[in-house]
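Below are two complexes that have chain A in common, paired first with chain B and then with chain C.
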Partner chain A sequence: MDAPAPASSDAEGIARTRMRRHQFLYNLGRAARTPRGKIGLVLAGFVVLVAVIGPFVAPDSSSAFITIPYSQPSAANLLGADTLGRDVLSRVLSGGWQLILMALAATAFGVIVGGIAGVSAAYLRGKPDGFIMRTVDVILAFPQLVFALLLVSIIGPKVWIIVLAVGISHAPQVARVLRSATLDISERDFVKAVELEGVSPSRVMAREILPNLVTPLTVESGLRLTYSIVIMAGLSFLGFGIPPPAPTWGFMISENLIGLSSNIWGVAAPAILIALLTIGTNTFTDAVARVSIGIEAREQLPLLAPDIGIVAS
Partner chain B sequence: MTGEQLAAPTVPDFAPTAPVRLSVRDLRICLEGDTQSDVVDEVSFDVAAGEVLGLVGESGSGKTTVALALLGHARRGLTITSGAILLDGLDLLGLSHQEVRALRGLKVAYVPQDPASALNPALRIDTQLEEGMKAHPGAVNDIPGRLAEVLEEVRLSAGLGHLRRYPHQMSGGQQQRVALAMAFSCRPSLIVLDEPTTGLDVTTQRHVLDTVRNLCTAYGVAAVYVSHDLAVVGGLVSSVAVMYSGRIVEIGRTDKVFGSPVHPYTRGLLAAIPSPERSELLRGIEGQPPRPGRRPAGCSFAPRCELRVAGCAESPPLISVADRGVRCWRASEVVTRGADPSQPIPDRDMTGGTVLDVANLTVSYGRTPVLHDISLRVPADCCVAVVGESGSGKTTLARTIVGLHTNFEGSLTFRGAPLAPGMRKRPKESLRRVQYIFQNPYTSLNPRKTIGQIISQPLEHFFDLSRSERDERISAVLKDASLSDEFIPRYPDQLSGGERQRVAIARALVVEPELLVCDEVTSALDVSVQAVIVELLRRLQSERHLAMVFITHNLALVRSIAQSVVVLSDGTIVETGSVEDVLERPQDPYTVRLMEDVPKLSVATGSPA
Partner chain C sequence: MATIVAPVTPTTSTVREGEPHPIRALILSRVALGLITIVAVSIIIFWATEVLPGNAASAILGHDATPTRLHALELQMGLDKGIYSQYWTWISGVFTGKLGVSLASGLPVWSTVSPRLVDSAVLVALAGAIGTVIGVALGAYAALRKDKLLDHVFSVVALAVTSLPEFVIAIILIILFATVVSHLLPAVSLLPPGTYPWNSPKDMVLPVATLVIVIVPYLYRMMRAAMIEALESDYVEMARLKGLSQWRIVLVHALPNAVAPTIQVIGLNFLYLAGGIVIVENVFNYPGIGTGLVNAVSSRDIPVIQLIVIILAGFYVFVNILTDVIALLASPRRRLPR
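Right, the complex of A and B next:
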């Protein structure tokens, strides 16, 4: 018997193969080419740029008292001065990278912990499922910010505690999303096929199930990153962030509030940057989600692939 | 392709005597924004009043696309580029969107594939039935009267009692009758049926089909019946059009086309239908049909055709041969060839001992027993078929044997040693020796892994091999499954259903099992692919001296692969014996009924299959 000819033509085949191998990067790349993705990327990219380059181009020290408190913007202090007479521009430029790094770390931590919990709960079922999901319910009963505040106020405002607290507060949401995705996948025959070989549960989860969760994981990570930024900024606004005199955007807003009428920039500059960053990450995540589920899958239309087989007979 | 040949596609004998209701001319449907890639091309046919035309073909042949075009509709991503659809002389394609919508339900009605999802579960039946009539004011004057009448016509026996029900309170057959009633309520001129009986059991299918035919004759309605099931179509329709890759390859009266098929594709398709009466090798059609919109130049069937010659590089026109239209250069030669001889299945000696012994097995889900006191023996080098309707417990039996289901009493003995309940309790070696092939190749392969990774996975798990040894075994097993090395870097969604099932077979065989459990492995596949897969399994089983349990609902397949058969009904074995004994001299009334219900290709038009 001759081997039947491969079903798809080469160019298309290679493109799809590449897409499958780097599903995560592929989706990000495609999302970046949609209008929505471009907007998100530009907004978030601008803020990240400010945060990364900022510390190197800041005109003054972020903690030096150089002029009169709440002085108006001038040639020397482009955004005026803050409550203690420090240069607002320098503080804004120097204060972003910690927020972004901490938000990323908290998101990574939350997604990993929540992911492991959610996938294990769905795949192992029974007692592990009950234990994990009831724990999740308990954590969910606290508002995210309150939960993070609780941990930080008990243990103290250390960077690792803040990251951990915000990360843990994300875990339940991530666990829920991934649990429902895993419930569906773990019932598929290809998982059964590997189970029938006697492969251990952890290996089945890592090798068979996880690769099928790339899409929900990507989207969930983006969403959690947005929340991380907001909660991080919120914590430092409330005074539970990195302690002063470190220039953090959140704390800048709160310490300069009383001088709002004298120099609006002490509040507006960090607030605008936080807003742009969250709107940017959220918009880009939305673009990724749309691309992943195919709303904007205009590039290659697999609409008529005979793969749909039974359905399209 | 010349215009003259297209203009007169119908053959003299095929020309209907009754007035022509529907006339389709040179229909061409393309991918949106790409007029070069046609999905349907050069489709022309006529349907007279009271006549039912069967539109048959396999997945991706374009039959549903044509059916939807008859309602003036193109699926998303498609566009009707040229041609004419004349309904009582009115060209649907020349009308505006609003005008077409006014005709839908009134002049042309549609019966969908799956009534369970086509009926709104939140609305009562009467509301849904009246909806169509109310949408066309003036079409029906006495709506309650017509409602009663149409229920009578579709033989919804309890009649008005059904009206206050919700769809879920009705059986599948009743739901399909409701869908029929909706379609017939405004007395349309044309009714399009899109595989309306696919989900129904054989007896119900027959009743629904009878109803359709009677209604069409009684009210002079033209009907187009789309189906992949040639046996069902054979009994129902007066004329038939066989589609392949978006074109009609053979069209004519059913008795002519199915009785003495001419086009190599029709011949292949008919030969691929298994028969419970003959013991012969199943012959499928090798290769895959071209993807929709990617038809090769020339005759689209040529790459898979045994009769291809150099001339087939040019696209053949629909020519009139032996009272039908055929799109094949060699049609006139084929007519004189007659039927291809069938090959009997070679005998084999079964001398080995018992591989699997199932004794007094009672399996339960929770506290509900689904299998009662099952005992069967699978000798070495032998295939035992387990046959039964859905719900008979045959898949549960398979899952219990391989260890996916653990709640059972009784004993499973494999090569003299007991099999523990559940795969987790079985030693690695026993898991290797018993392999399972899943029903649906669309879900049994991990979409995120390449074919190479999928087949390599069990090898890595069960054997300690070097990379090159693994690669060698993967190549060898792919070759055995009639696939080439080209498939190794591909992903499952780049493969057709048949190819996927071959990969699943390769994955099971690569660890050199002794017992292969196949669970309805062809039920998701087209008939021509089914034949190829069954024949592949038969060949591999005999070459590798495997013991095999072949689960199927299709009694006809049994003859082509198994040596002995077990008939299951409601979780009990009602009959068991050699294939020949059971199929030729069925004793149990249930087996007799199953035999009668096997769709047979009856070419005598006018009588149900």
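Right, the complex of A and C next:
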């Protein structure tokens, strides 16, 4: 009884982990088969495709001055020219991949840091909980965009600092959501059982609790990805993204805004792509939430976790 | 769920005389926690901006400053004193208005920021108030027409709008009302900083409209869910059986009970607005603290950045406390100790 017990619980743990990994893909797969999921996937997929393939198929250099500023669309320049007479189509095609990569990196960073903080706070209780949640309160006192602006003003608009700033500003919300989910799970019998076996807290959190957080983690990651895109694009709209002349969708909008009535595409093309991307990721996340939590539960989400229903800027 | 009077609960009966009422204790601890947070935030803002290479004096004088002039200015600005004393000078300056001069304009920091603060406050108050009324009304209406076509249309539109960045919404409005489609409204505000928005109400329409469109969907969703719950409750059933008119049932019985759970979302909307104005003000060149912050970050105008960020963070903490306290007072369930 003594010897095989840990082994069998280990095997069970692994089996459970595997099952949960399946559950992650299963959730995504089921979401992708719902009408909402399909729409979200198609929209986001289209924009990602444009961003990834775009740089290779762009007809002109994104920084060459080729025609009169704000000239109308023509056969040579399908979307016309921008504020400096550069080809809008080429700039749109080349200016998306950084946004998507940076948003993914910031989301991953925020979800990992916030997840570790939230799970540890709930499971360890006591002083770690107090310390983590007070830190969360302090970061939450800054609007996300303002937090990022503060860091950028200190260190300068560098790619890593933008990713770091947006990631850290996500962490508190992720921590809050996962903390409340962990509080429920850590009271369950299977957790109590392995605790009695003398398994270390970090092992319990990684092997027993984490696999049961797949659903909130998936939904949270999706929401954070949408917000990352919104904030990153917003930062570059304000002029604190990747510095020009590199094309970025956010900055294209602000630099071409004065010429809106001469050539609408300098503003509209990047704005449409950003909009399709965020609508796509948000709609797909909504579909995931619906299949994994239940349709009516989605309506109740703001009640359960007030801060996940709001685009935090 | 949303009765205003607290039921007598076992926990309240254990309160001994002389001890504060549990709800007062909860509110006091929430306020104390908020104050500690804002002190921590102010230390972080101050410390972070002090890490910058070079100090404020060298930033004012530029690279070709002679060491003597630099030293003289450092003495004048109190930069030779210890970091604690500098922090104290700054934090007391936030309250007394003595914050030195803006590095970009040379004008006193407080007088550069205060007119912008008024402009932003007007923007936030207008957008918050209009958004709250529209959100509550739309949510209640959708709940009455649950599962009809209009309800589905509203939900899809709400989902799409919640995914849009504010500047995309602003640009759609500019295209529709200020440039390509029609020229009803100005695309950018031409108000110089220091003039107030009510001198030119037309300049306010699009910024306010953008923020309203951003905040309405959250409130709409919450209100719709709460209203559906209220309409299915026993007391509404009772009112129906008594033969009350539909209007009376909705406005007098269901609506007040459905509004209570939305208080938190209204609070969240105001929190959003504190950050949302940064983007929206910049799109429309509205002379508030959002454009002030971005200008200050561009020119690394540290005293102005410090003041605007502490104002925004203070507002955030204040709204958080206020929302929690109101939610605490409005829902008896939450009064029990966790």
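Going forward, the second predicted complex is superposed on the first by the 272 of 313 C-alpha atoms of A that agree within 3 Å, B and C clash if a C-alpha of one lies under 4 Å from a C-alpha of the other, contacts with A are read in each partner's own complex, and residues count from 1 in each chain.
By our rule, a contact is a pair of C-beta atoms (placed from the backbone, for glycine too) under 8 Å apart; a residue touches a chain by one contact, two chains touch by 3 or more.
This is a predicted model, so every value here is computed, not measured.
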In the superposed arrangement, which partner chain does A:A32 touch: chain B (first), chain C (second), both, or neither?
neither
Where does A:N212 make contact in the superposed view: on chain B (first), on chain C (second), on both, or on neither?
first
Max touched-residue count on chain A (chain B vs chain C) belongs to chain C
Between chain B (first) and chain C (second), which, if any, makes contact with A:Q23: first, second, both or neither?
first
For A:L183, select first, second, both or neither according to whether it touches chain B, chain C, the two together, or no partner.
neither
Once the structures are superposed on A, label A:I161 by its partner contacts, choosing first (chain B), second (chain C), both or neither.
neither
Mind working out whether A:G239 is in touch with chain B, chain C, both or neither, as first, second, both or neither?
second
One more residue to check, A:E195. First (chain B), second (chain C), both or neither?
first
Does the superposition put A:L260 against chain B (first), chain C (second), both, or neither?
second
Contact residues common to both interfaces of chain A (with chain B and with chain C):
303, 306-307, 309-310, 312-313
Which chain A residues qualify as touching chain B in the complex?
1-9, 13, 16-17, 20, 23, 188-190, 192-199, 207-208, 211-212, 214, 301, 303-307, 309-310, 312-313
Show which residues of chain C lie in contact with chain A when the two form their complex.
33, 36-38, 40-41, 44-45, 48-49, 51-52, 159-160, 162-168, 171-172, 174-175, 179-180, 187, 214, 218, 221-222, 224-225, 261, 264-265, 268-269, 271-272, 274-276, 278-279, 282-283, 293-294, 296-298, 300, 305, 309, 312-313, 316-317, 320
Sites on chain B touched by chain A in the complex
31, 39, 58-60, 64, 75-78, 195, 228, 286-289, 291-294, 303, 402-404, 423-424, 426, 428, 431-432, 435-436, 438-440, 442-450, 457-458, 461-462, 479, 482-484, 486-487, 489-491, 493-499, 504, 507, 524, 526, 536
Touching residues (chain side chain A, partner chain C) in the complex
134, 137-138, 140-146, 149-154, 226, 229-230, 233-234, 237-240, 250, 253-254, 257, 260-261, 264, 267-268, 271, 274-275, 278-279, 281-283, 286, 299-300, 302-303, 306-307, 309-313
